[in-house]
Amino acid sequence: MSEQNIIEIKGVEKRFGSFVAVSDLNLTLKEGEFFSLLGPSGCGKTTALRIIAGFQDHEEGEIRINGRTMGEVPANKRPTNMVFQSYAIFPHLNVGDNVGFGLRKTKLSRNEIKERVAEALEMVELGGLQDRKANELSGGQRQRVALARALVMRPKVLLLDEPLSALDKNLREAMQLEMRRLQQKLGITFVMVTHDQYEAMTMSDRIGVMFAGQLKQVDRPEVLYSQPCNREVASFIGGMNFLDAEVTAENSESLEVNVQGFGQMTIGVNPNVQVHDKELLVGVRPEQLEISAEKPDGYDALVQGEVSDVAFYGESVHYYVRVDGLKDSIAVAVPNYFHTVDHSRGDTVWLGVQSASVIDLGKRESLGGEK
Amino acid sequence: MSEQNIIEIKGVEKRFGSFVAVSDLNLTLKEGEFFSLLGPSGCGKTTALRIIAGFQDHEEGEIRINGRTMGEVPANKRPTNMVFQSYAIFPHLNVGDNVGFGLRKTKLSRNEIKERVAEALEMVELGGLQDRKANELSGGQRQRVALARALVMRPKVLLLDEPLSALDKNLREAMQLEMRRLQQKLGITFVMVTHDQYEAMTMSDRIGVMFAGQLKQVDRPEVLYSQPCNREVASFIGGMNFLDAEVTAENSESLEVNVQGFGQMTIGVNPNVQVHDKELLVGVRPEQLEISAEKPDGYDALVQGEVSDVAFYGESVHYYVRVDGLKDSIAVAVPNYFHTVDHSRGDTVWLGVQSASVIDLGKRESLGGEK
Amino acid sequence: MAGVLRSETGKGLALSAPATLYVGLLVAVPLCILVAYSFWTQTYVEIDRKLTWANYQEAFTDPLVRHLMIRSVAIAGAVTLATVCLAYPIAYFIAFRTQKKTLWLLLITIPFWSSYLLRVFSWKLILGFNGVLNSALISLGLIQEPLTFLLYNEFAVVLTLAHAWAPFAILPIYVSLQKIDRSLLEAATDLGCSKLERFVRVTLPLTVPGIIAACLIIFIPTVGDYVTPALVGGSQGKMVANLIQVQFGAANNWPLGATLSLLAMLSVGCVAIVFVVAVTALGRRIR
Amino acid sequence: NAADLTVFDWSGYEDQGFYGDYVEKYGGAPSYTYFGSVEEAFTKLQSGFEADLAHPCTDALRKWVAADMIKPIDTSKLENWDKLMPKIKEVDGITIDGQTYMVPFEWGNTGLIYRTDMISADDVSLQLLADPAYQGKVAIPDAASSAFAMAALATGASSYTDMSDEEFQKAGDYLRAIHPNVRFYWSDAGQLDQAIASGEVTLGWGWNQSELNLIWNETPAVMMRDVDKGIATWVCGYVHLKSAKQSDEQVYDMLNALSSAASGKYIIESWGYAHANEDAFAQADPELIETYGFSDVDSFFEGSLFFDAVNPELEAKMLKEFERIKAGF
Amino acid sequence: MTKVIRIPWLAVYAIAYLVFLYLPVLLLPLFSFNDGTIVAFPLKGFTLKWYAQLGQQDTLLQAMVNSLIVGSVTALMATSLGLFAARAYVRYRFAGRELSEGLVMLPLVIPGIIVASSMLVLFISIGLKPSLTTVILGHVFVALPFSVSIMKSAFDDFDQSLEEAAFDLGESVVGTFRRVTLPIVAPGIIASLLVTFTVSFDEFVLAFFLSGNSPTLPVYIWSQIRFPAKLPNTLALGSLLLLSSVLLLLIAEYFRRRSIQSSD
């Protein structure tokens, strides 16, 4: 990643009629950065990506790519390539011609094109499928063709709209690695839309979380995870137990809070939160809670409850624990150390938490539901 | 889940030209079971589902649903309903009419239909959207309409082709819970194709893992996770470190093995493995390894190595450790207890493992790559 | 300028401009001539350019005009109905039941690459007195005397035109059938529809645009056809276009011809609009 | 250049046998542009179409002259003018107000053609067309002037071009009486031939070329040439258009070639049409002349009805009435 | 297991319909061998003279060539114009769209004679002499509504992102159109070409008014119909035309199959 700014977006706004799909978007990306846009369905991720690509005009604001203002530059002249959410595989062309489509415009010879196509197909594990017809591909295969078709162009900026969503786990992980490797090797800037938080976290240098057209927080994955700016962002990245709390005392670095169920503790101030209030919301990640049949030692706060549900996630087991006085069950994630499930529904258990695990989420607000 | 067999598939084979898409499929499902088909892209999941639904004829084998042979029964007469991978929302009908489409064939009165439609839409969180036009829906909304349209028919068997793949995390989790609840309430048998292992594991009673047209293993999620029948299956469900081992002694219950790097230990025989050999392959799940800077106590085997990579997954951190003499790095997953990363690239660390965590994966074989 | 061309309106106008301008320029002249003539009068070869309603008066009071107008619309309606009903299954066949689509499309258009007049001659041979049909029936012993109701009546007009318009109905319907996503049909089957129900509830509504295109393409020109009725319609087959044709030809009364044309265009337009609205509404009512 | 001269004509008349002298002199044929009916030709010319010569029939001439489309013919430049049959040259329209406008070319009859194997020569008459026994067995032209000419003959009107109201009424009634018998109103001659040949229609009002065609196809059919029972004669020819661009010399060379006896012989023998040049009949094969019905031309010149221009008001009335009759009103 | 034999009703209907379509045109060849000038039963006897005479029928052959030229050019022009217009109508919402759509359909309703005579006036006044060119201009006018309606239904539901993808891969607007849009709407284009060619090939009124010294086939046949004696020549020509179309089709199909086989 260099220090050069490759994309600068300033105050971009896009309206469909009176509906604001993207509002006041500001974002600067460094050359070679891997950036992800994360957010619920319909929040405007695709729209934002299409504005960068040049497929969607915008009402306000400015976009610069590689130092050049993009106002009058049409999509085919921008140094970007895109992997479409709907794949957009050309139905009349076979796999090889789909991937080689853009290269035909370049000065490459036939043989070079052939080689580049073969190479790109190898990269997405579709080597040798050059002659398959588009309608004979499975969903995942189509997505990989779309990816290869954009990668083969070696653009300055690669825009990806949920590029891996139809892939199975192994392939997805392999592709994630491969894309990351490629990105670093070629120095391409990646802007990826995804709704897979793990994908976003493992691949990205930075993640932007979007809700209802607005970019709510842009940060490194660890920061996003440990210091989300509000309830929405917190719940969108990883699981989170939300608890009401009351601030009893505060200074610039820490808060004295009384957390529902768990009682009094001292927690750090979250620098990303904008408004604090007596009525505080705090969160605890499921994996940062200790669950045990016996009362555990060495925790800053403890609470007792009853296991209401157990879910097996493979590498971990999730227990849902009902605690008197709390509206929602508390989720606890326990690593699957020995292929055993230690507590079953109805068991009475203790939950322990360290105050360092309790995240300040700012002023409590009633949230409108998203559809 | 009752003891009644609802679906019996015997020796079904489907070829496209010379390409075998599904080969020798054998499967028996119990009434009320939630069954998932998991497998890499292009392995034949959709094809298998379409054969059950009656949209795809097959060259060999027999299918019985609810005790009846389906050979001559057309799709519209089968007691199944399907949620299509491409949604297949009728573009000329609004949401309400799409969902009510199949009910018009029944003897229900207009009002009853209206009620059932409203109920189904509530179920998928689209309540009140009856009058929306099909082309005014976002990707996620279309998928939910497709789900409601099939659910409202209350079929004996519901077939779902990646029903939640277009949904964002929060909605997907909510829908998973809702679908599971509904399935149990209505007693419908679900057959779901998914490529999300977590989805499969948390929702399903049993999971079938498919590779290249063949069903390799059918089991409960926990069994699949702890006793996968071979390398492919093991790697498809969760992460897995594969290690070469040599059998030095064996009996019907346990094996004395010398594991590359870790040395001698005694492990349990995996009942799902078909062929054992001196040349054994064993596996260890990343979360079942201990990583620490100091040599840890109480483990059956230890090995030293160097951290080559660190990946942040939110609820856990993955360390990749290079061990002398081993081809691949060993992955270790550590729960993200305190929002801290304890080891960084280049650190020398100890890895500890209990022999109970080491999984017997049978005869070592050179594997051909899957597409 | 570049900015204008990038907006929806700009692109739309730019793309449709060639066709619009082409038709616009060429249509303006005839339309103006038509309207102007309808308010003029003519005696022998002299045009009297004083504006008058006389032609309209004549057209509205003459029961012959009304009679022919209604008959024209009725015959054109019957032709349209027959053609589209006969053509739909073929379009369906080509779209869904055969791989050789282009071959079939050519097969159904080739017969029309011979002269129209010659084909009408042939129809007379088939339906006529000593025609193919009568000869066949007689040799089969089904009839003694040749049937005379086959030719020179409305039936013959409808049949001949249903033949003549066949590719014009098949092609648009084929195009709209071809586009139907196969998974929609599977979804309908999955929800319990038999093939017939699936057709009525999914396929048919989805092809409404093609059906409308076919109907308009056939109905509108048929109302204005005067050749076919004259050739196979016999003494019963006269339509309003024959009357118009006489005004422009033998009668050399362009003003009356123009007036009748305008009225015919208006009626056709009204019928077409009512039709499109009705079919669209009907398509929507199928659930 | 031969092809610089343009002739506006029915198709078929580009036959080089019709103007051999022109071909000889200019080394080729003129260019031809085709029309299907004289009315079409009139409309196209009125819209501005340009040509040197056109080929209408006499009944249209007054209208063409009134529309100021054609130039008078300088008969002194016509080598064959004197050899053209006087009776033909007298037909209304060829000369108007002392000016000659057309060089008559071919002529023929319009009459009742009937199947001799189904109707005897004694029984046949124009009145037979209205006989209920012939329901669906009759065809008449889809042209008001021709139909009213036939009606005038059948009802004994004094004049066809200037009928009195009473005569007009009678003619109309006659056509109305025929209407139920009419199988179709023919718009091209082939339609009539086809129907008579197949026996679908047994008698119809048509042109002599239909009779010819039936003869050539060995159909037992003939035209009723009895002047007392009613027969009509038509004359067509070439006119010099005002829009002509070619030199008079070339135009008149063509007119001379067309009206020569050699052309006449050719058209009589190989087309079966009568020609305006008297000498042509002397040179042509008498046997053919006999077969084609032109052995005794004088007799039907006397008693035949010629298609003169009908007075415009009456023509309009005829057209209107004919439309009503055809519609069953 | 008893195998139920299913009758492919639709295929049976398709064959029956083909018979319906071809019955009239197959009588043309029959009568082109008939030794008589009247096209009516009973047949008179076998002859090849109508074919033999064809060689001398320069005008008839020329008329056919003219019609083929006019038909092909008309089909190309009308389909191109229709293609662009339909694209605009389906894809963009713009001021004047409905007006333009209505206007383009107008040629269907205006009587041919009016269109024809006023076009002749117009063309002559701008110095355009009646010729095949003017006929083509006229035919494009009447064929346009056909191509627009067909192309409109072809563009309905066209997946926008395909064009965007091509554009994104660096293709120009024109290149995108040629390499992606065209092949995908190919069925519509073929349908439109076929229909507009057919419209032009059979059109008489405009061709009559707008053709100068080079008539199209319908004009020639129309004017000749007054001479039924010449009809059999036309039948012979029509039969040859039919035969060559079918032959062309079979040859094309043969090569298509061969190319498929060799690519396997």
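Letters A, B, C, D and E name the chains as they come in the text, with residue numbers starting at 1 for each one.
Criterion: contacts are C-beta pairs under 8 Å (C-beta built on N, C-alpha and C of every residue); 3 or more make two chains touch, one makes a residue touch a chain.
Since this is a predicted model, take the numbers as computed values, not measurements.
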item: Separation of chain D from chain C in steps, with touching chains one step apart; value: 1
item: Comparison of D-E and B-C (more C-beta pairs in contact); value: D-E
item: Farthest-lying chain, centroid of Cα atoms versus that of chain A; value: D
item: Centre-of-Cα separation between chain D and chain A, whole angstrom; value: 91
item: Distance between the centres, which are taken as Cα means, of chain E and chain B, whole angstrom; value: 56
item: Residue list for chain D, restricted to those that touch at least two other chains; value: 40, 43, 190, 194-195, 198
item: Multi-chain contact sites of chain B, meaning residues that touch two or more partners; value: 91
item: Multi-chain contact residues (two or more partners), chain E; value: 39-41, 113, 118, 121, 157, 221-222, 225, 231
item: For the chain E and chain A complex, residues of the former touching the latter; value: 159, 161-162, 164-173, 175-176, 179-180, 183-184, 186
item: In the complex with chain B, residue positions of chain C that touch it; value: 181, 183-184, 186-194, 197-198, 201-202, 205-206, 208, 283-284, 287
item: Of all residues in chain C, those that touch chain E in their complex; value: 8-16, 18-20, 22-24, 26-27, 29-31, 33-34, 86, 89-90, 92-94, 97, 100-119, 121-123, 125-126, 128, 130-132, 135, 163, 166-168, 171-172, 174-176, 178-179, 209-210, 213, 216-217, 220-221, 224, 227, 241, 244-245, 248-249, 257-258, 261, 264-265, 268-269
item: Residues of chain E touching chain C in the complex; value: 8, 10-11, 13-14, 17-18, 20-25, 27-28, 31, 39-42, 81-82, 84-85, 87-89, 91-97, 100, 103-115, 118-119, 121-122, 137, 140-141, 144-146, 148-150, 152-154, 156-157, 187-188, 190-192, 194-195, 197-198, 201-202, 204, 217-218, 221-222, 225, 231, 234-235, 238, 241-242, 245-246, 249, 253
item: Residues of chain B defined as touching chain A within the complex; value: 16, 38-42, 46, 85, 125-126, 138-141, 162, 165-171, 195-198, 201-202, 221-222, 225-226, 235-239, 285-288, 311-316, 333, 335-339, 341, 354, 356-357, 369, 371
